[in-house]
Amino acid sequence: MSFTDKSDLRLPPLGRRLRLGFVGGGRGGLVGAWHFSGARLSNHWEVVAGALSTRPENAAASARDWCIAADRSYSDYRLMAATEAARPDGIEAVSICTPNNSHADIAAAFLRAGIDVILDKPMTSVTADARMLVEVQRATGVSLTMTYPFSHHAMVRQARALIARGEIGRIRQVHVEYLQDWNFAAQEAGNIGWRQDPSVVGRSSIVGDIGTHAYHLLHTMTGLDVAEVRADMFVCGGAKPQPDTAHIGLRLTNGAPGLLHLSNATIGQYCGLRIRIWGDRGALEWDQETPERLRLIPLEQEERIFLRGARQGVLPEAEHLIHLPRGHGETLTDAWANLYAEAGVLVASRRSGTDLGLAPLVLSGAADGLRGMTFIDACADSWEAGGRWTALAG
Amino acid sequence: MSFTDKSDLRLPPLGRRLRLGFVGGGRGGLVGAWHFSGARLSNHWEVVAGALSTRPENAAASARDWCIAADRSYSDYRLMAATEAARPDGIEAVSICTPNNSHADIAAAFLRAGIDVILDKPMTSVTADARMLVEVQRATGVSLTMTYPFSHHAMVRQARALIARGEIGRIRQVHVEYLQDWNFAAQEAGNIGWRQDPSVVGRSSIVGDIGTHAYHLLHTMTGLDVAEVRADMFVCGGAKPQPDTAHIGLRLTNGAPGLLHLSNATIGQYCGLRIRIWGDRGALEWDQETPERLRLIPLEQEERIFLRGARQGVLPEAEHLIHLPRGHGETLTDAWANLYAEAGVLVASRRSGTDLGLAPLVLSGAADGLRGMTFIDACADSWEAGGRWTALAG
Amino acid sequence: MSFTDKSDLRLPPLGRRLRLGFVGGGRGGLVGAWHFSGARLSNHWEVVAGALSTRPENAAASARDWCIAADRSYSDYRLMAATEAARPDGIEAVSICTPNNSHADIAAAFLRAGIDVILDKPMTSVTADARMLVEVQRATGVSLTMTYPFSHHAMVRQARALIARGEIGRIRQVHVEYLQDWNFAAQEAGNIGWRQDPSVVGRSSIVGDIGTHAYHLLHTMTGLDVAEVRADMFVCGGAKPQPDTAHIGLRLTNGAPGLLHLSNATIGQYCGLRIRIWGDRGALEWDQETPERLRLIPLEQEERIFLRGARQGVLPEAEHLIHLPRGHGETLTDAWANLYAEAGVLVASRRSGTDLGLAPLVLSGAADGLRGMTFIDACADSWEAGGRWTALAG
Amino acid sequence: MSFTDKSDLRLPPLGRRLRLGFVGGGRGGLVGAWHFSGARLSNHWEVVAGALSTRPENAAASARDWCIAADRSYSDYRLMAATEAARPDGIEAVSICTPNNSHADIAAAFLRAGIDVILDKPMTSVTADARMLVEVQRATGVSLTMTYPFSHHAMVRQARALIARGEIGRIRQVHVEYLQDWNFAAQEAGNIGWRQDPSVVGRSSIVGDIGTHAYHLLHTMTGLDVAEVRADMFVCGGAKPQPDTAHIGLRLTNGAPGLLHLSNATIGQYCGLRIRIWGDRGALEWDQETPERLRLIPLEQEERIFLRGARQGVLPEAEHLIHLPRGHGETLTDAWANLYAEAGVLVASRRSGTDLGLAPLVLSGAADGLRGMTFIDACADSWEAGGRWTALAG
């Protein structure tokens, strides 16, 4: 057996790495390091430019950390977009890892400069901005990819493919939870992190921050969307301006009910994104903290465990995301690399005018980003109405 | 170390076993076998009489299975109560394992005959009957014990004691789920099991059947009660007359929110009663399917695992329920035995007029049974009102 | 589904419970409590007589604990055997839970009195005594059952049945470990527990105490015996007169190699009896601490988990040992009850002259007890010879 | 908390990436892909040259996969060493991922060319070659790093630091196993993979291939070496020229015994490298397949779980290897990246003549490589002598 004989997603289709820039992601941030690791590990990108911080010293220091040449380190994203678009060796895409309320302007600037965009979730802080971005993307024809890394785990795709094949039958109920503990402490006045500031993050910190991941995972696995929500929200940790916890009832588009449980103030929970999907012929269970195992329980049969990298049982839709044999761990860093590899194929295809893709590319675009904002709005509307069942806007 | 040197709950305080009878529990049932196993294993009881079925042949055959003498096998509980009360060697207590709507009359008959009652949950099928039973119990002064076996696991008591000592601080959120799969199939007209028949089980099959266990566990561990509920209910498995699934929002008496998830139509879930309690100084997690382990996560410290039977760390409130060293499994059968041992101490104390008890007896009486009915009512009321927040009746 | 509709091993075949006595097992001991619990829970026995200790006060106090009438509490087993054999309501069997070096005399006395024997392992302290017991058993025709409780777990029988059906093919390698921690501390001169005293336990404390369990489990599951051993032994915990640890190479009768790892001085190990069996078509793994799950990995297929009490996949050879549905735990206490139920069927059959048995009774008799002694001898011989490969005596 | 505020091992100390070449690792191989991934993810290296295969077409195609310029793709390592050494922008280090028997000549050529060497294990196929390499390394003063990736998991370093601090006291026993299944099938004559060919891999395929990893892990964690071994070896899978299984008794330098179990023919085992270390004050357990958790059981206390990325409890010796918060998985890919980051610091320090290192760099050099060969020899000698206890050569 050789793992490199197969068609490998991590081989750059153009025979060279694409040139990537970053806005945000410098020292003091967290998400940027994931994007950067994924880009490096993917083998599809080299990071050659950045406006890594709005503070010039931090931008310069961060650029040195990332081995970006000094003359391609910017402290203003507009200058970066203009300058890079004009260079013959300018960046071909940009990754945006800034606070939510800056996403729309930054992404629009790069789209208009003809530079493909990779954008951290949620799409924007207010839905009107997301609608604007959808328009700009459509008008420019440049690609916009939203980053939902959990959907790039091989076993998530395995679940998606099993459900599409009907292995668990018609879906009858779902339970999704995303529980963390980092936001337990109180946020004191005058020292509120931007993730708690409504003017930065939008209407719901907890739904925007982690609920959108859970919503996207549910959609990716099942192929179903959410039709209606009923949301209660709470501050369970220390005092802070926005809820840190949400209990959300779901009605899926096929009529099945669901529960979504979100909190980042639950001690002892780390990155607890877990999904259980019950159909009328079987059930599937997946846990982001043990992402290489997928539990299938067919109705009235023994449990079966699918294992990333096993010789048998892994479906083609998942296989191309796998790089190491079973037992040799691949986790979130690898999922980020898969995301950046799939995005690389997309960008290289668009720029070369050729379909360089592997068939089962699964990426989220501008419409998905807007849909995520619609979900946030519906949850916020429901909560403000005392937990009334609220339909997602069309 | 010797495990029998300690004060052992399984040593009958009267130096003899108490005489026990059963109503219900014969062939074709399920719950009766648990009660009977718990009684035998407890070492406090010998089962000497029974009206194990309303069908005479079944009653007689079941009595032979249980080694009950033919002259003490009855097919009518009233005859049994009268006859046994008159015998010098008559039963000292009766266990009632019949369908819900018969509980009130049977229990009242034995209470009035001066025979202590051990009653399976839920207390009755309608709350008025429960109120009547509370009155009868109070008037007769005979004991009535409700059977919630999960609260007799040693590690449940360990959690209760840790919380009482403040180890996790003030409780800020709870999640409880009880998921099973036995009721997945459709219940066809004319062939509906009694557990689905509203005239037998009362207003809510799913809340009455397993929700009361979850509610009781939450109360036992935290010492808090539920103030308000918001319930949505669904048929997720095959068609049947009552919901097989409930999603219930909770507001605890200290103001903390909670989620309660109930279903017996979730494939791949067996006896999935799990509780997570988040406080402001730590969290506790317990799973009925691995009942000997209790996970404590103190705020900003490493996880600690308490293990039933370990030499250190087990608190006195749990210690007396432990009979085997760590690693030598004790599970649900042992929890039933603990329940019957604690009930034995209670009955022996009442009958002897002496406090024979070990200090930390934790048993549920008539008031707890009524409270469980109140919880069922509040959930049913909320559901019928479209998921309105509904307070439990005082 | 009803769990009591099936043929149930826990229904006494004679329609009454058999009368059982105990030698040993009183206050201060550990193993006796297991035997006693198993007997009660099995529903096949009532314990009516005992010589529970050689110290008269302890014998009397222990008899009260066990609800044995004062006139049937003995402090001398010879008197007990004679008296009980003469009573019309005398015991039909005796359980012997005394230190190893007393087993032979006690068991022989009861066999000669026509009372069936249930004997804790190892059979004796010296092999010559075991050979004598085999002869006495043969001459008297009374039954002798050795107690290896782990072989009465349902999933052990499931593994045995799967292997017998060829599900994992020809066995190519085995790994068995039995690790505990209770014997970590030093045993000071003048205060050596009897389990460390060679004059009481025989040639090898660690092999006799837990190695015989592991050896028996291996044999029960695979149907293969051990042909040769190579043993190294060590004191890894505090100083004591006998090794607390053994590393034993195995050669099975089919030529396959194996490893057996024994220690009761390994901190953090509790009752860690674990077995992995690798065949040429698949593998099986079982862990006594999670006894309700059996992992089967067929060659080049997904893992499958068999679950005690599941509706599908459990074979008839295991089914009759199961009393509760999946998820409702059955562990070591239940295995002891299964052992006593199977022994009850055996004794009732012999005494009634009728085969009352369920087909797949799996019990160990005198020959198995002797074989266990032979295994201990081979390990001790090998160790004394510096780890030479040593064949088991024929 | 920000994970990028801390001193981060993945920031290149020279402010630029070092230039790296590869010998071996092209299409059809497995190990090369790991090295290459680790180098990319580490952020310390860019791969700019390679002799990725001895077959020219494969070398060229593989170079395109890796985005190596055509003029720096070689099919002869000698030409590569000479050419690169002469270029002003030549490689600063080379990674060697070829079959064992070619390691010595290749590594020596690069060392003599002044190019630092990163060498896959085992060091060579015969020990004399390893001694030669040690001499060449010493004479040239160029660095040689052996790649044992498992020792670069953060929780392995945590274990090492806990043991060094005395947390589990004096080590009294160890158990290490490394079990896989990839080599189960028979190797037919004329089609034997090079990993089974003694002329390529040396005296012991199973010890050289995975036993050296286990030996190195044991040494890294405990600080102890192996003094003596007793090895039995077996073919447990299909017929093949060398054993696929070894059972090895160990005597550590402090006198403690150990067991090492190796097989790559155990169905259902994937990358099952597991270690348990028992001291006189506690025990540690770690499993490569769940590498982010480390189980500590202090004597007579509750179990404690250390978690990679937790806010508390992680020691400085492990902290700098951690890049993501707890729950956000880091596994084998990240361990390889840590290895390449530490090697990058070493090479940059040597080349700049400055100590750029973070204090707790833990890398294996030429002497460690030779020690690994000595271990293989002792195991092979012991096995050939029928399992005689055999001391490792000094």
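Order of writing sets the chain letters: A, B, C and D. Residues in each chain are counted from 1.
Criterion: a contact is a pair of C-beta atoms (placed from the backbone, for glycine too) under 8 Å apart; a residue touches a chain by one contact, two chains touch by 3 or more.
Given the structure is predicted, the values throughout are model-derived calculations rather than measurements.
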Of A-D and A-B, whichever chain pair has more C-beta contact pairs: A-D
Inter-centroid spacing, subunit D versus subunit A (mean Cα positions, whole Å): 34
Where subunit B and subunit D are represented by their mean Cα positions, the distance between them in whole Å: 55
Rounded Å distance, subunit A centre to subunit B centre (Cα mean): 44
Set of subunit C residues in contact with two or more other chains: 269, 303, 307
Chain contact topology (line, ring, star, complete or other): complete
Footprint of subunit B on subunit D - complex, ascending: 300-307, 310-313
Interfacial residue positions of subunit D with respect to subunit C in the complex: 168, 172-173, 175, 184, 230, 232, 234, 236-238, 245, 247, 249, 256-257, 259, 261, 263, 265-269, 276, 278-280, 282-283, 285, 295, 297, 299, 303, 387, 389
In the complex with subunit A, residue positions of subunit D that touch it: 1-5, 8, 11-12, 15-17, 27-30, 33-34, 37, 40-41, 43, 64-67, 180, 182, 269-272, 288-289, 291, 307, 309, 323-334
